[in-house]
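I've put the structures underneath this note.
What follows is a pair of complexes built around subunit A, which joins subunit B in one and subunit C in the other.
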Partner chain A sequence: MAVGDRVDRVDAIAKVTGKARYTDDFFRPGTLVAKYLRSSIAHGRVTGLSVEKARELEGVEAVFTYEDVPPIKVATAGHPYSLDPAHADVADKLLLTDRIKHLGDEIAIVVAENELIADEALALVEVEYEEYPALTTPEKILAPDARKIHEDSSNVVGEHQYECGGKLDEAFELADLIHEEQYYTAMVQHVHLENHTALAYMDDLDHIVVISSTQIPHIARRVVGQALGIPWGRVRVIKPYIGGGFGNKQDVILEPMVAFLTSKLDGQPVRLTLSREECMLCTRNRHPMDFEVKLGMKEDGTAVARMVDVISMTGGYASHGHSIVAAGGSKSCLLYPRMTIGYHARTLYANIPVGGAMRAYGSPQITFAIESAMDDAARKLGVDPVEMRIKNAARQGDINPFSKLPISSCGLVECLEKGRSLIRWDEKREDYRNHKSGKIRYGLGVACFSYGTGTYPVCVEIAGARIILNQDGSIHVQTGATEIGQGSDTAVAQMAAKTLGIPVENVHIVSTQDTDVTPFDTGAYASRQAYVVGNAVYKAATELKQKILDYAALLTGFPAASLDLKGESIVNITDNNTSVISLNDLALSSYYDKEKGGQLTADVSHKTTTNAPSFGCTFVDVAVDIPLCKVTINEIYNIHDSGVIINPVMAKGQVEGGMAMGIGAALSEQVLIDQETGRVHNNNMLDYKVPTFTDVPDIHHDFVETVEPTASYGNKSLGEPPIISPPPAIRNAILDATGVAVNELPMSPQVLFKAFKSHGLLKP
Partner chain B sequence: MNKIITFTVNGKKRELNVDVRSSLLDVLREIVGMTGAKEGCGVGECGACSVLVDDLLVDSCIYMAVWADGKSIRTVEGECRDGKLSSVQKSYVEKGAVQCGFCTPGFVMASTAFKERFKDKTFTRDDIRREHAGNICRCTGYESIIEAVEQSMEED
Partner chain C sequence: MFPLKSYEKAESVDHAIQLLQDNPEARPIAGGTDVLIRLRDGKTGYDHLVDIHQLEALRQIKTDEDGTLVIGSGVTFSMAMESELIREIIPILSTASETVGGPQVRNVATIGGNICNGVTSADSASPLMALNTVLQLEGPRGTRLVPIAEFYLGPGKVDIGQQEILVSFRIGEKDYKGYYGHYHKYAMRNAMDIATIGCAALCKIEANQLTDLRLAYGVAAPVPIRCTNTEQAVIGKPVNRDLIREIESLVEKDVNPRTSWRASKEFRLQIISELSNRVVTQVIEKAGGRIE
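Moving on, here comes the complex of A and B:
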């Protein structure tokens, strides 16, 4: 019933007909256009700026520079407000600056009648710089004489270290094999199809309205208030449909600026829409990371100890900063929980584009390192990589060594077994023994992942749901959960329908987020929404149902305990479910009876104080063309334990989309940064290799459905996890095919060429 | 400089005074008021702005509005008639080929062109891939889009 069904997305028809409205679709004639003046260097100081000619150009409304903005630094990360100042995000961003920290840093902004005039005006601005050496690598950034990128920081944004599940030295003593290796993952990007865009105007003299493509409307409201130094209640953020985010819109990037501009321009509407090139250079990216891994294994493939030392680079501003590497590290402890784990992580400022949240938040990088190391060790020990993982994999009831809490549900072993049989692992492994030489070589790879659901206990997990019984007996649901394409609205409709007992067709969803109206929720990130909003929807639906039954009891005289809501009627369960009153009649009475009733609603704000672990794995079969340095995926499967699947069609979509992104990160995607200058070579969709239709093979998936006891509907994270394990699985398959351990991402032809050459597979 | 041009959009005749520097996409979105076609890059890389000009699939962001003079334009808004989705639209809904939906208007037009072109021909999954290669989707991994196109080919 409802949950678990193949329900069509509630917004699908709006989207296939072109009726769905996104931020830019609210543009109306007369809206002013804003454009940034961006730095042409990656590190330095503005020593001269002349904007007079631009100001005088006809059609230019205003030019603002770093001298005109509030002297307030804010933290842009889309995190809940931290009551504990020690855990607050780093506040290091001004609206405009003369201290250049990355290529494209924002120095001034032009507001004009239209884009063409804004461009002309920008060309008239003269800038002089004092340029400093670009600090682009950990060696340069950590050098004793390195310049401080932010005056008040040592260039280290965060650092932490821990051991869990035992004493690390003692655990390494037990190992028969110690494997030590370095791994590296490159900076990659979200490349959501809709660039960052925001539009603002004022309703009166006090209230600023911002329409924005954001994953975090309620947080954006707060950060706009902070950045402008105005009460937060004077800011209203509206989020219509959004063209993807993948974490890049879990950051407050444009909203404070458009709000500032409209407030300076008598409330005129102002739009700030980034071009693709700006969006790729000046929003957020996945942090590149350098790893040193030390893994201790018993001869039989039992993992006993693992130490990971990692350096993450966050670019010119902290944004999500150290949280990324911290979250990735802690979530990876769930995967093989019966070993001793050590972790040391540092996050550095760098004169490269800014790192922020991206799908799976640090886990893809860390999982690449540890799952590559696992296969390296399996090879040295001569054990089967699947068997080795089954031996060490988390099981329900294991204690998570990091949180010390029991793992509440876990189907990882079943995922591995399912994947092994789907890809015909044993049979193909036998067959591929004869394909390890020559030009085309075949191999199989596997990798696992663990992930969390939400951010508790690091952050608050608050979600709101409001459900109203309409005059016609249908219901309207408002939540603070943000639909960003992942299908949150549809999942909420299914959940509400299930708990109330009504058909999903009778549920209407308010999709637009409006901070003046919708219940508070922190937004779409950490694969949290279906889990935490699920708990809020369950409570609200249960409460509304009780109100409906109580009112039915009042109207019909039957005791409420003998009544239930089934479909479109209230039925008497003690009398063969005979209908006692239709929901429609009940609703009409509740609104229009002159003496009794009233609008039946439930309004719930719920804090979830649990975090559900989710698991899964990738199996892949590849052909490696040695002379062409090209990898072809013959077959690929992701198998997930995401608890109960709310909607199989939408779940399939999340898995397939995540896998395609994982394949991109594995084989082609990389932000190319010049190490000398900090310049970016490929901030466009031609040179940055997002997988196109012809690059993605047929994609397969399956689920192992466990029931998560802490979720009202048994579900766990699914939006982010599918991206995590494809890259290490592909890497391990290349290793199986060629014997060459490629220890960096992406495994592009250039990287494979170097690796094959140094292993003698290609002539120098 | 401005120029008066005439074209039909989804069968309706329009006469417009346009800046000669405008793209067809800007004119459709900002003058005609049809915001179905989207801008994902503005330079012909992503296909979000795809429309049909005389039944040929083009990136309207790099197609000058003045080139459309005298031509007939089809956009996503014209594909649903009398409250009935086209077979392509219906298949996209049923196969879950829509997530954020920002690429969808462009894809619907690309698939419509594919359907018209391959109506009585045999085709493979690779033909579908190749014929949609100018449209990028970052959400779906394309698998459900292939399934939607396959289903649409079986319907009228």
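Moving on, here comes the complex of A and C:
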């Protein structure tokens, strides 16, 4: 059985031998290089722009400014098109602008023979600004006299509020303890290895080809069409292998610009590749959020009510905007579903870098607030944090208070029990009672999360799969699902092999998505890919298998119902599975018999109309060095209920990568923004502290495998979830070790210094 | 691609000096881990280069007849980590070298570049300060010997002429024999990082008395510094907990860290004082001292 096996990645050899082709491996003779002129201020207006000297420089092909671009504002978020205009994303981005909304905003663009000439030309451009005060904090942004960052919009770009699972004020009445606290999470960055890069050219007078490092080729095609005001069918987007995205490439950032440039330059190829510094300053980030949490608990640790009030800052442009804080809020309702939940969220424009999609899409922030508050309450009540979570955790059959639908599969309690045993919670908790004083102190922490799989019912969940039986009896599978390193191609191969009944080695995957030929799928995000494409692959493979068996029946005279495909043969199941014809012979006949047969294919598009809940938790053991303000992780475990694990090796990769990112967000990563000017101090790899190999401890994980009934292969989300619960678990372990509640991320040495000082652990 | 205007490869130290004389705009490049970054950032003054990287004369590690340890300025951090001689005579420099950047940087970055760059965060600077290192410079007017403490003129400024080449670091036998040392780099990450505070200590113990202490810091002031007041106050005292406490309380008066967006002055002071305790304790124990 291919599903559940430790199958090698289908792209492993191509990638490790350097044969896999990425966007920058596509060379075309005469390719020009484009570079943006970016604002040196965070808020203001361009009052003078002189590009003549740059235009005249030898080797410069063209310079375009905000006066030259189409007057069309687009929404860059990588969401499916919304048929309901009320639910469409905010269209607020021009290709170039004179209205500066964040540091590095795009004013003009130079196209030159090479990068050095482009840089030289940029240095010759003269810009004058009228500078406005940078609005960088909720207080400044919401002040009555604050300037509107976008002239045609309030600074509040989205707001919503709800109560579910009962009446909130009545529920708080039942509480023995009310815990109220504020929490804050900083802006962090994806730091994918491959920076944003795109190449465009025209191969006809009206056909624009864009090769791009994107998670969402079909969405990119549509947005390019919208941005240029041309029919979408004139745009072809090709997505080759990609060096990481983590949500930052679930946004249409460079594609419209390269398409615009080639269209203006008679179809000459134009490449636009961001430097690391640009990528960190001018693409997307995780939204920083401010929380006020009110939690009502019974004495025995039963959670009865929770109100979360959150302000999220989306930066200069909406991008995914309010969707992030909305999605994070709704997915968190699954975690402790038998309580009453209230939620009020606002998303603000701000003169800071733009917030967008990032792995787990709002859930890490909200889960940090909720799970920190849970531990604070457990401490006040004197109950064990694990016991308290088990008492309140979601169970299969619980009604999700937000969607009012039953939870179709849930192994959260088993995850908690497994983690408790793996880290030896009870034994260490006893032992660490003797390590709560002195310079080095020890503590244990736990935190849970809930997540969804895909975006339904907020967005359409469409996936396409096409399977072809080749002449040699192997198959080719083409899907719109994009491989972004998460292992989608390999999962698809395993799924197709399982349903058809053939060896996984006989499955060829077309990895590249090309919107001119690839089945439609909106791309890799929301941990949807294996879930929604799985349903499409199942349908296509089932259909193809029936065609194969029908043709076998025609060739052999046995009824199709008595036949099955096993390995490389068609067998008679009524006669001890004896082979009646090899798949190879059948395939040859289907192609080359002069009278009967034909190419055997299946081509399906499937809409998934469910959303599978997934769960998990982190257990961590830390040592805190008080005088040096440093945390060492001694042991850390993530336990996941992601349904059936399609491939344990790839699943391990997802969990370890996500946990490492979570550890970075917990202890060191932060985009440092000057609150006065909106300037960013650390858009480089030295000063933005992504953990190195030596900073990440040995990472452990395990799974509780439930079977999700809405997934063709029983699987649920796993791409994003591992990043969610490490930060609150680490925070809770620091609390256990030191008695100090650190209520902000990251818990960097400087933040710990302030916290330890104000709690009297260090001299004032 | 780099916006270079001229590039010359020197065949020898004399040739390098000649090339620098020929082009007043030129400056030397060794490992390039600082120069190329500045060039890429479009900083002026780096587009005429004289390449002295891998000049054999600058890559030697040896002891002179009088016992002086001579380390060429072109010695890379990887070479310093692997050199048997350095590990035997001044292991503090091997330890400090291990903390620089990552393997790729250590394979090309040189100790000479680290010092001539003039930054207070240089990981080799505080160990070399503690070792009373003397710098040997060659120029059109011959040789100059400059003690490292005098070499630093201010942040990013060192006492080297445009036509001069730093040839070697010289550490006299009296400055290493019988000494035990340790370097602690405090940074936000365990690798690939810049020091928030670097602390180097060397000591000599006789009959459980501190006969010498050299305590040096990086990032505790605009340039790497020695804590001379602290050193003078405690040399000759018996080794015990009071001594450690005294050092911890005195050291703040020797340093002058500043607040930057990277770290606040108060935070740096906390780390400086705690490291004085831990690093001095460690070198005393290495030297066989007993802290009762």
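Quick notes
Definition applied: the second predicted complex is superposed on the first by the 762 of 764 C-alpha atoms of A that agree within 3 Å, B and C clash if a C-alpha of one lies under 4 Å from a C-alpha of the other, contacts with A are read in each partner's own complex, and residues count from 1 in each chain.
Definition applied: a contact is a pair of C-beta atoms (placed from the backbone, for glycine too) under 8 Å apart; a residue touches a chain by one contact, two chains touch by 3 or more.
None of these values were measured; they are calculated from a predicted model.
In the superposition on chain A, contact of A:686 is made with both subunit B and subunit C.
Contacts of A:668 after superposition: subunit C is touched, whereas subunit B is not reached. Of the two partners subunit B and subunit C, more subunit A residues are in touch with B.
In the superposition on chain A, contact is made by A:750 with subunit C only, not with subunit B. In the superposition on chain A, A:8 makes contact with subunit B only, not with subunit C. In the superposed model, A:120 lies in contact with subunit C only, and not with subunit B. Applying the stated contact rule after C-alpha superposition, one finds that A:762 touches subunit C and leaves subunit B untouched.
Once the two complexes are laid over each other on the shared chain, residue contacts for A:193 go to subunit B alone; subunit C is not touched. Using the contact criterion defined above for the overlaid structures, shared-chain residue A:627 touches subunit C, although it does not reach subunit B. Shared interface residues of subunit A, touching subunit B in one complex and subunit C in the other, are 116, 685-686, 692-694. Those residues of subunit C whose C-beta lies close enough to touch subunit A in the complex are 1-3, 42, 102, 186, 188-194, 196, 261-264, 266-267, 270-271, 274. Residue ranges of subunit A in contact with subunit B, taken from their complex: 8-9, 11-22, 24-25, 27, 29, 116, 190-195, 241-244, 246, 275-276, 484-487, 649-650, 652-653, 656-661, 684-686, 690, 692-694, 696, 698-699. Within the complex formed with subunit A, the subunit B residues making contact are 21, 29-30, 34-43, 45-46, 48, 75-77, 79-80, 85, 89, 92-96, 98-105, 108, 125-126, 128-130, 132-133, 135-145. Across the complex, subunit C is touched by residues 114-116, 119-120, 123, 627-629, 668, 672, 674, 681-682, 685-687, 689, 691-695, 748-750, 753, 762 of subunit A.
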